[in-house]
Structure formats: C-alpha cells, structure tokens
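Below are structures written as structure tokens.
Below, chain A partners chain B and then partners chain C, in two separate complexes.
Let's look at the complex of A and B:
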C-alpha cells in the first residue's frame, strides 16, 4: 500500500512539472541560413536575413526568406517571426553569413550568442561575404535551382570534405579566437553570374576581417597547421628548367610555364620554435602526392626527371609560402598559429604576440615526393 | 494422525461385502453417472463385478484382455488367480473407496469377486488426442519440425526419444485439489543445478489450487514475480528446444493436457535465441541473433523516437529528411502522439483480428487492413506516410522474437513509451528505458537474475547468449546457470583434424 502512495505521489509530481515545451515540426520555420549585416541607415541596428524551411503540403517549395532589423540577433528573430506564419527556430542552423560591414567591425558578439545557445550546433559553418549578406541570400533564394536552404551549406561542406577549403565551423572559429597567437579564417562568398561562389578566404584579426587571400593561398594555411589526407594542388613552374627533359618530338607547343596538378596529396608537418629571442621557427613539411596532370610531356620514366620535378615543386611551394607569410606579417594576422607554438614554451599574451609577429622568421624545409605519375602511353 | 487411522479402519471394514452393497456404494460415489458401467458375471460359483467408466477406457482391451479370459474359465475365481491369469501388467489391489474412484476416473477397470478382501483395478485408459504435428507457433526453417501435443504420454515419448539416456530424471508431481493434473519435472541428473531442481520441485509441490488449465497459467502461479510484464519461464512447444535446454543444464516441466513445455531458469536474452541459431553456421547464426536484438530495440523504441523527434527535437532529424518529414506531417491535423497511437492501435487490431479469424479470412483482413486502410488513412490526412513505415517496421520487428510471449510483451511496452515520448520527448523515453532497466535488474527467474550474463556481468557466457562462436572456441555451457558439468567437449580435440594419412 505505501508503494501505491509513492507511485501516486510521483505521478502528481510529474503532473506538477508539466510537459516539456513542444516544437511540433509542422508548425516550425526551421532556419537554415542566417545572413547578418549592419543597417546602412542606423549603425546600431542589425539586418538579419533568414532562409528557413516551412512545411506546407500545398506549397511548391519548402523554402522561405524573411528579413528583419533589430538591435540584437535574438531580437531580430522575434521581429522576423512577426512576418512569418511559422515559428522560427534556430535548431538546424547550418550556415551563418557575415556581410563586410559587420565582419570589419567584429563578429564576436554574434558568435557568442550562437555558441551559448545549446540548440545550435557547434559544427555549423561560418562564412564571410564580399557584398551584403542579405543580398547574397536573396540571390540564392531567387536563382538556385536546387534546395535553397541547404545550397550554401552544401557549397561549403563539399569543398571542406574534399579538403579544398579549411574547415571553418563555429567551433573552429571560437577555438582559434580564444587561443593565444592564432587567428581564424573564413571562406569569402561572392556572387558571380547571380550565384554565390567561394572566391577567396577572409583573414581575421581576432574577430575583425582585415584582409583576404585567394583559395589557392588558403591551401598553405592547412599545409602548415594541419595535415592533408587527400588534398590537391596546382603548381606552375618555369618551363626553361625542363627543356632538357622535354619530349620535343611529340610536343611542340610553346608556353611559358609548365602546369601540373597533384592530387591524393598527403602531408605531414612539424613546426618548432628554434630561437626565442629571434622569434625564429623551423617548419618541416613532407608532401606525398600523385602527379595527375602535366601540361607538357616530360620523360617521366627517368628518375632524374622526377627528382628534378620534385625539387622544383618544393622550391615553388616554398616561394609561395614565403610570399604568403609576408602578406600575413603585413596584416599582422597569424592564421597558422605560430603564436600557439610559442605560447606553449614561453607564455605570452595576445597583445605581446601581435607586437612580435611581424618580426618572426620562418625557415622552411619542404620535401615533395611524387608517388605515382600514372601510365602514359 | 488420528483421523487417518480411523479412515484406515473404516476402509478395512468396507471389504468383504456383497456385490449388491458394493454396487450401491460405487453408484453413490459416482453420483449415478450414466457413463458408469457395472456388469455382474457368474463364473462357476463366484460372483464377479466388473465396473468402469465407458468413455475413459479402451473397449477392445477390455474385451480381449479382461472379459474373455474372465468368462472363458469354468471353475471359481479368486482375486489372486485373476491377478495371475489376466494378460495385463498393471494390476493394483485397492481396498479404499477413494483410491478406487481415483483409478476409475483415470481410465481403470475394477474387478471384484464377492466376499474377497479387496478389489483389483487395471488401467486401460483411452485418451483422444491429436497426432504429432508441425509447430505453427514457433516455426523453424532448419531442424526438427515436430511439436508437443496435448498428451503427456506423447510428449514424454518425444523427450525421452531425444534424450535416450538413463541420466534423464522425470519426477511425477500431482497438482490440483479438485481436478488432478499430472506434472513431470525433467532434468539431467548429472548436469542440472541441484538448487534449480529443488526450487522448481518445491514450487510445484507447494502449489495448492483447484485445477490448472494449462502449462501457461501454471507458470503464472510458480514464477518469481507475478507483477512483472516480462515472462520469467520460457514456454515452448518444440521438443527440440525443450531437450536442448535440458542438455544445457536447465530444468523442464511438462504438464498433462498441455502442448507447452516450460523451461527454467530463463534470461531475457534467451527469449531471442532460437534453436535455429545452433543449426546455422556460427557466423550466420550470430548475425541472425544480433538482428533479433536490434529488432527488439527497434520494436520498442522506433515509434517513440519518431514521436519525440517530431514533437520536441526537430534538431536531431537530418536536414534532407526534415523536409519530407515536415511536409508529410503538415497534412495531419493531430499531434504526433495521437497519430502514432492511432496507427499502433490499428496494427494491434489487425493482429488480433487476424489471430482470431480462420486462416483464410485472416489473410484477407491483413490485406484489407494493411493496404487499403493504410493507404486511405494517408490519403485522408489522418496519418503521415512516414509514420506508417515506422509503425510497420516496429510491428514487423516485434514478430521476429522466437517466443510469442516476449513479442507481445514488447508490443505492450511500446504504448506507455509512446505516451511518455509524446509528453516529455526523449527525456520521457529515457525515463521509460531507465524504469525498464531497473525493473529488469530486479526480476529473477527461479532465483537467478533475469539479465544474465549482462548483469551480473559474465563475459564467458556472451558466446552462448548474444552471439555464437565456432565450436572449437565455444565449448562451455552457460556459466551463469552453474550446471554440474561445465565442459561440453574438450577444446583441443576438436581443433585436431585427422588427416587422411593418419
């Protein structure tokens, strides 16, 4: 009998606690992509554009676009809700897009609310835009023939999966942002032929966008800070150095450079702090790759040619890295994270590292190995 | 003590008596039953009374083995002489009216020679029962196909025939105050755990009840926890399964008039084992067994998970699925709980109707219900078509369990789970799972934990429970049930293959 009392007591407790707040999906507008800009007329206000799914059996497409203006991100969502007959929820937010206006001022306050919200996944992608984020989203909304809601997400995701882009999720961004001596990078979207494409990488100093590099240059950030499993790269080498090994009988084209493509690229990389006083680093990079394309015919069966090719590629890559480093120093951004390595040995503050970074030196030891070059008849 | 003495002296007083007196006493005890036959014969100088219940005895045997030798003799009979001369082995000398009645109702013929000190009974019962048939409740593809019947004799024959060893013990226990039923407790003397045998014996012997309908209701009287929804003894109608368990050191119970054998102790997991797993190759057998465990989880949790996801946790639905799920849900006017309950109810109705109706009509009902109502319900906007798939999968999964009892248990568990998920989402489902796990931890079968070998954890038994291993590795009986002999065969010998040269 006392057991029965306990049971009824428990039941009453459950009733008192009430039900969990329900989110029946047929009543939801599930936000997929948000674009944020600063309002042009009022600098204090934020323009937010939402692409979301709504579920209406009679509608042709489940996608819908709504924009609103408010002082905070959450406030903007409330405003947007007034324009939609569905309840806007951020639980499946996949891409957050930042217009140049806000990216240049700093995006941390927005990211902070995103990472605090338990409903929002940390693996969502962040991206910068070269024109207003709202414009880009409405361009996609009007012109995309595929699923509008997931267009941007898939655009970034497929390229990240193929290791063409660096992974730039919310978690990665926050990680780099909070680490001493490390700066985040985001893909930069622009509209070409009325469709969005990733043209460049945006460089961030803390949470402010300060510059941009090409996606090809973005390759080196990952080369130096992580490792490739199946990467790919294009290299162009001066043709003069290969005159002796050209198969001239079969190929008579006259071009200035030799273009080649490497794929299935695997890399390993180790950066060491050599000297604290000089802020000198030494980086050992090993690359193994398959040669899949050559613009000229070379005597690849000869090992010497292959070695020469390997050396020239290494030289070229090294040169490119040095150019990139010069650009980084000029902008005083450290996306590779040399400061992190410095910090592990000699604790340092962010400010101190900013002062030291332009003076840092990098010694690169880069080795390329071509594993296979295919069977060429 | 005093009373039994009195009764004995009274019984002694009953014989000798005249045929007329005996007739009167027997008729009174039988309440003037029209099937009760009393025949009086005069052979020589002795008067003989032969009596029996006509529907219970084999009449051919009565004529050939009792009446014709009895009547063909010219001189007088005495009881001793009858005992010696009649070509029947199982004569019993009875002096007590109650014992005589017991014999009569189990199909005996009584013979009394006037003024003798007692009477003889011969058991020549005739029981009508069906022949040994294929099992349709627990059908298997591989292995023996025969099933138990309602006759204990036939069932014992099948078991004895499979386990033809003098190690097989079969203890006779009579249960039932008003209607007596014979129960056989069977085990292998050299293997079965003494405690298990003793526990089962004690439970059967201590059972005081009017009558038992069948083996299945019997288990409800002797199981460990009557409040639990989980069956604690395995019930099978396959003699192969019955004997297989006995050879693993378990205890079996057969009940007269019931086509079901009871096996104990049992764990939750053994309800998902089929003898077929043993007949399969070990890797195929493992796959199918694991498939059944997956089916258990699907069957209990898939619909609740759908309800929870659609009502509370839209985040966990993959984006491509979200759009199709959303648009199919948008047409439905009810909340997901009611929608799911409606469909689950429909499936249960179909199952019940199919089981009650004759086979041919049952099939038609299945088609009408499954296809017509399913289609119409979607078209009418009562349910979403994705939920129909979900419910159908979980219904299908619940039928993969080899034991019908556990299958229906899981189907019942699903309903509170759906309600919980409808009110509290995945938190509710988790609460439900926790409740079930806590409950299962406390359930025992014949005093042994129900979750063996997962809890108490015993890795050695995993190959006998969750998966199968090749025979040269898996050579032990279940450690959890502590049989007297652990080793089924020596491991080394199976590894050594005799080559053709040797």
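Let's look at the complex of A and C:
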C-alpha cells in the first residue's frame, strides 16, 4: 500500500475520534451518594437526594445537594438535572442510602436498575437509614466539616476495612439476595449530634428490612459465615468465677462483671448439616486472639487461669450466638446462610427454606485461644 | 489420481510467505477466545447449572477430536486447503458452492463479532456514540492489517495475545470472592443437559476453521499437530477458568441475568488510580477482538481469490464496505442476541460436524494416497 494511503487512514482516525461525545469535567456533577425514600404524599413517587461533586474552581464548596421526586430512579435523576447547573453522572457513585419507608417495602427494583446499568460500579456500598434518607444526607451536608460527598463512604469503608462491619457492597447484597437460603444485612445509619453514625445493622428478609441488631451482634454473623483476619470484640464475664486469681491488693474496683477486650482476632469456622430431618447443623468455630484489655487485674501467668478465661469467653460467646439465633428465627431471616449449606446437600427452594428455618437447630462447638496478653505479664 | 479433470487441490506457497507452526498456537487460541467468551458461562450455566464446568471439559475433549480429524484430512493431501479438498472430492462446481458457503458463514461470523463488541462499547463506555462510527473504526483497522498480508495478520495475533493476557491477573479479585457452595451438589445435571451445555460452549470455540485455511502456509507441518492441540487446550482452560469463576462469583439466578458475565467480573476490581477497571477491560478487549476479525476477513478475501480469482485487495474493500453496513444497521439487543445465537448454531454444524462428515469421504477417496515426502518437511 502506498504511503499516502496510510497517511489518509491515520488522518481519518484522528478525525473520527472527535465524533465521540466529550465530557468536560467542569460541566459534570459527579454523584457520590444517593438517598432514596418513598414520597410521603404520593406513595407511587420516589424522593431521591443526590450529593455530588463538582469541579468549578470558583464555587464555594466542592459539593452540592439536590433532591427530586419522580416515579423511577432514572426519572429522578433527569429531574435533578433540571435543578442543577451540572450534568449529573453516576459513574462514581459510592453510597446508596435507603430510607425506612422504602427499605420496609423492598429495594430490589431499585437495585435491579442499578446493577443493570453498566455505568454503576459493583463496589459501591448500600446502607439503610433509621430516618428518611434525604434528611440524613442534608444533615451531613450541613454539618460535616470534611468532604461531604465522601463522608458516608469513608464512614462505612474504614469500618469494613477494620472488620468492624460486614462488607455490604451492591455485589454482596445481590449475591446474598439471589442465593437460596441466605439473606442480606446492611449497616443502619442514624444521625447523632447532627453527625451520621452506624449504630445498628438492618436485617433483610429477601429485599425487605424486617428488623435490626446491634453492631456487636453483627460480629457473630461474620464469625459464623466467614472468617476474621483482625477482628475485635468486647466480652463481659461474671467476676465471681475469677475471685481466686484477683490481685485484690492493688485492685479495688467493685463492679459485678469483668470486662475484657480481644483484638487481632482470627477465626475459622465450619458449618455442617448433621441431620436433614431435624434440620440440625453443627458449627465448629475456632478463635485465636490477643487479650488487650482487662477491667480487673488478674494473675495471668498461670496456664490454668488462662484456660479458665478462655472457657468462660467461649461460653459467653456461645450464649450470645444462641440469643442471636433466636432473634433470627423469630424474624425468619437467615443472614448466616444455613439454607445455602442445606441447599448444597438437599436442593431446596427459597420458600421451602423459609418454612424450615424457624425449626432449625444449631450445635456450636466454639474454642477460644488467647495467644498473647500484651507486653505486661 | 483425480478422476479426470484438472482440479489441483494443492496450493503453492512461496517460502517467504510461509509461517512457522509455532504461531498456529497463538492463532488458534486468539481466534477462539473472541467475543464469545464474554458471555459463554451464562449459556452453559443455563443448560447444565452448577455442573457447567463438566460441559466445558466435554466440549474441550470433543474439540480435540475435531482437530485430530481435521489434521488427518489435511494430511491426506500434499499441501491443500479445504477449498481445494472440497473441489477434489465433490468436483469443481459443488466444491465451489461449498467454498462459497464458507465465505458467507465467515462473513456472518465477522458481522456478529463486530456487532457484539460495538454493543458492549455502547453499553459500558460510550452510550451515545453511533455504531456506524465504531464499525468504521474497526473496519479501517481490519483493512490496514489484512492489506499487509497473512504475515501481518499473524504478527498482530502474536502480539495481541500477550497484550491481552495480563487481564487474567485481575481475576484474582473475583476469585477471592468465590462461593464454593455454589458448585454443590455435584452432578445434578443429566447427561443430556451436560451435552446441551457442551454445545452451548461451541460459539467460543468458533475459529478453529482457520486450520483448514492456513495449513498450506505452514512451513514445518510436523509440529503443526502439537501446536494446534496446545492452542485448543489453552482455549479450553480459559473457558473453564471463567466458567468456574462465574459460577462461584455469581448466584445462579444472578448469572442467568448477566449478558456478559465475564466483563462484569471485572467490575469488582478497583484501584485508587483506576476507579472503574471494567471500562479499561472493555477497551482492552479490542485487542482480543482484532485478531478475530482480521483473520475472518483474511479467510473471506483469500477464499474469494482462490475460488473466483477476485484480486484480494478489491475483495477486501468490498467485504469491508458490506461489513460496515451490516454492523452499523443492527442495533436492537434482541435481534443481536438472536443473530449471534444463529451464527453459533451454524458454527456448530460448519466448524465441528462438517469435518466429521468429510472425514470418512476423504478417507475412502484418498485411501491410496501416502505422503511421499514424509521424511522431508
């Protein structure tokens, strides 16, 4: 081929590249967080609140907040566009917040539109709110001193990274939702002293929020369904069992119980279906951790004391798991995913599992091992 | 030996146009892993559920058989391609007719790959770019490469193989999120379902036909066998890999809903500098597609030259123009999926069943032939 040919080909390519639409960043409003509620006056309508980031150097704040009402999520975005001088794009959406009104009715239809849209990332977090999502966002918008747009995201993300919360990205939610015999959980945001905080976990039955547990109880969901690399937990034990090893000379606190904190907690867990007829599971949990805090001064250099402590912790954790299971059975939600284990042996439908779940029994074999107890003996 | 007429099935290739058998490995793998692999786990899963991986293994085994058969057929001649063989066996006119069938089939495959990839770009990256523009860009690249001749096409394939191989590294993230419970219970699918699943795998194995066309160009034919089988082995491994990851990563119902599950796997990958890794993957995928469309076009134009003595350059421009119109016209997703499905069915018969039918005929017709220069090549 003559050289002229190649030159003209190159030239055409350069010209063609101009045909693709440009997205000048100064004109974009990059949506960070969306809050969705059901409109109070008209139940068919959705209220959406958007926090977005804009790059106009002359603006006072890098963030803006708009809200709009429409029948669909996409429609709400179009309407919000009318209120904003920026073009709203969802490519960097980090948090989707659901108000109680919609969470109790079911959020699948919204999540379905989100996961259908290739522009939306699978790694964004979902969260439930204990009051209207729009209110929470506007409170954060007014009071946060840091970057509003990323405040909620970082609030969730840092806690997930430290294994205080369970990962609840869009992908995780959809995965649990679609799996037979497992239900999703989401962090529950509330506003305290005008700042957002995560106080509880919202339990979902399929896509409907049906109850809540404390974040401490949330620890056990991950303990039984996954494994910890560096978890942490606080336990309180009755003090009278440790009367003998108490260093009473230097210790004169009068509390009834002994508080202790375990950190760098590693756990392993195996759940087996023992009996199909009784729907009985057996769970073997092994925990290894560092004891970092004790409210009383105990003599820990004795191996026996340490063993006793380990046993008492195990007993306490077991009790807490049993209480939590009772709660799950009452609400008929299965965030740990026993149904999934059942399903691998005896295929079952979601509906059948819902009927079976309240009768299930769990036998826990929990072993705690304290590896170290700090730099002081 | 040929009854009467003057059809010589053999092709004379100048030494400077020949390629090493070593490249056959890259050509076969690159041609097989094109646009099909983006969506294939879903189709196999729809048939064979969690046993889809068995279907992939069955399909892989069968494809090795087909390769062996193709090589036996080709080795019954001195240096022939399928176009010559058909004319030798069925006579000039039927042979030309069958050859034309190949041309039409390749053209449809070419358009299907273009349409599929353009649709992916529109959904993931540029929703507002016209398909005409994208198809023009791709076709200009094809014309550029094919007009350089076979050796350029081989070079492109060789380089792009390595340029796209690194994408595999980033599958570590979805692998770490796999749920191995999804594979149980094993062997729930009936043999019929497994075979149907194997058949669905076929669209991503299309491309094997290249062996029938490129064989005369191979310099050291003795090594061709090893090279071809290794190529198919790698393809089987890749399909198996993505299928296994998809089954573990997605819940069953979720996987059925994904049109391109393999691309969605990359949506979970996220880095500080590249927030949306999937966009990068979609654009990078062009390097997976290009060897495909370049070789398809080469086969079309080469066959036109062999059968009808059309100058290859003129044929190239004509094919480019027609494919441009074809790929620009189809826009509707349902039509595209339907069309691809038909091409896959045609591919099943032409690429895999047809060599099997041809096999006994060639054996009978050429039973007297023994390769004379066995020791030499």
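By our rule, the second predicted complex is superposed on the first by the 358 of 377 C-alpha atoms of A that agree within 3 Å, B and C clash if a C-alpha of one lies under 4 Å from a C-alpha of the other, contacts with A are read in each partner's own complex, and residues count from 1 in each chain.
Keep this in mind: contacts are C-beta pairs under 8 Å (C-beta built on N, C-alpha and C of every residue); 3 or more make two chains touch, one makes a residue touch a chain.
Only a predicted model underlies this, so the values are computations on that prediction, with no experimental measurement involved.
Applying the stated contact rule after C-alpha superposition, one finds that A:311 touches neither chain B nor chain C. By the touch criterion stated above, A:91 is placed in contact with chain B and with chain C alike.
With both structures placed on the common chain, the touch criterion links A:56 to chain B but leaves chain C unconnected.
When the two structures are aligned on the shared chain, A:121 is found in touch with chain B and with chain C.
Of the two partner chains placed around the shared chain by superposition, chain B is the only one that A:150 touches, whereas chain C remains out of contact. Contacts of A:234 after superposition: neither chain B nor chain C is touched. By the document's definition of touching, of the two partners only chain C reaches A:171; chain B does not. Of the two partner chains, chain B is the only one touched by A:25; chain C is not. Residues 19-21, 91-92, 119, 121 of chain A touch chain B in one complex and chain C in the other. For chain A in complex with chain C, the touching residues are 1, 6, 9, 12-13, 16, 19-21, 91-92, 118-119, 121-123, 171, 174-175, 177-180, 340-341, 343-345, 347.
For chain C in complex with chain A, the residues that touch the partner chain are 123-124, 126, 128-130, 133, 136-137, 140, 143-144, 147-148, 177, 179, 181-182, 184-185, 188, 249-254, 264, 267-268, 270, 275-276, 278.
Residues 310-315, 317, 319-320, 322-323, 325-332, 335-336, 423-425, 427-428 of chain B touch chain A in their complex. Against chain B, the residues of chain A that register as touching in their complex are 19-26, 28, 30, 32, 53-57, 62, 89, 91-92, 94, 119, 121, 147, 149-150, 153.
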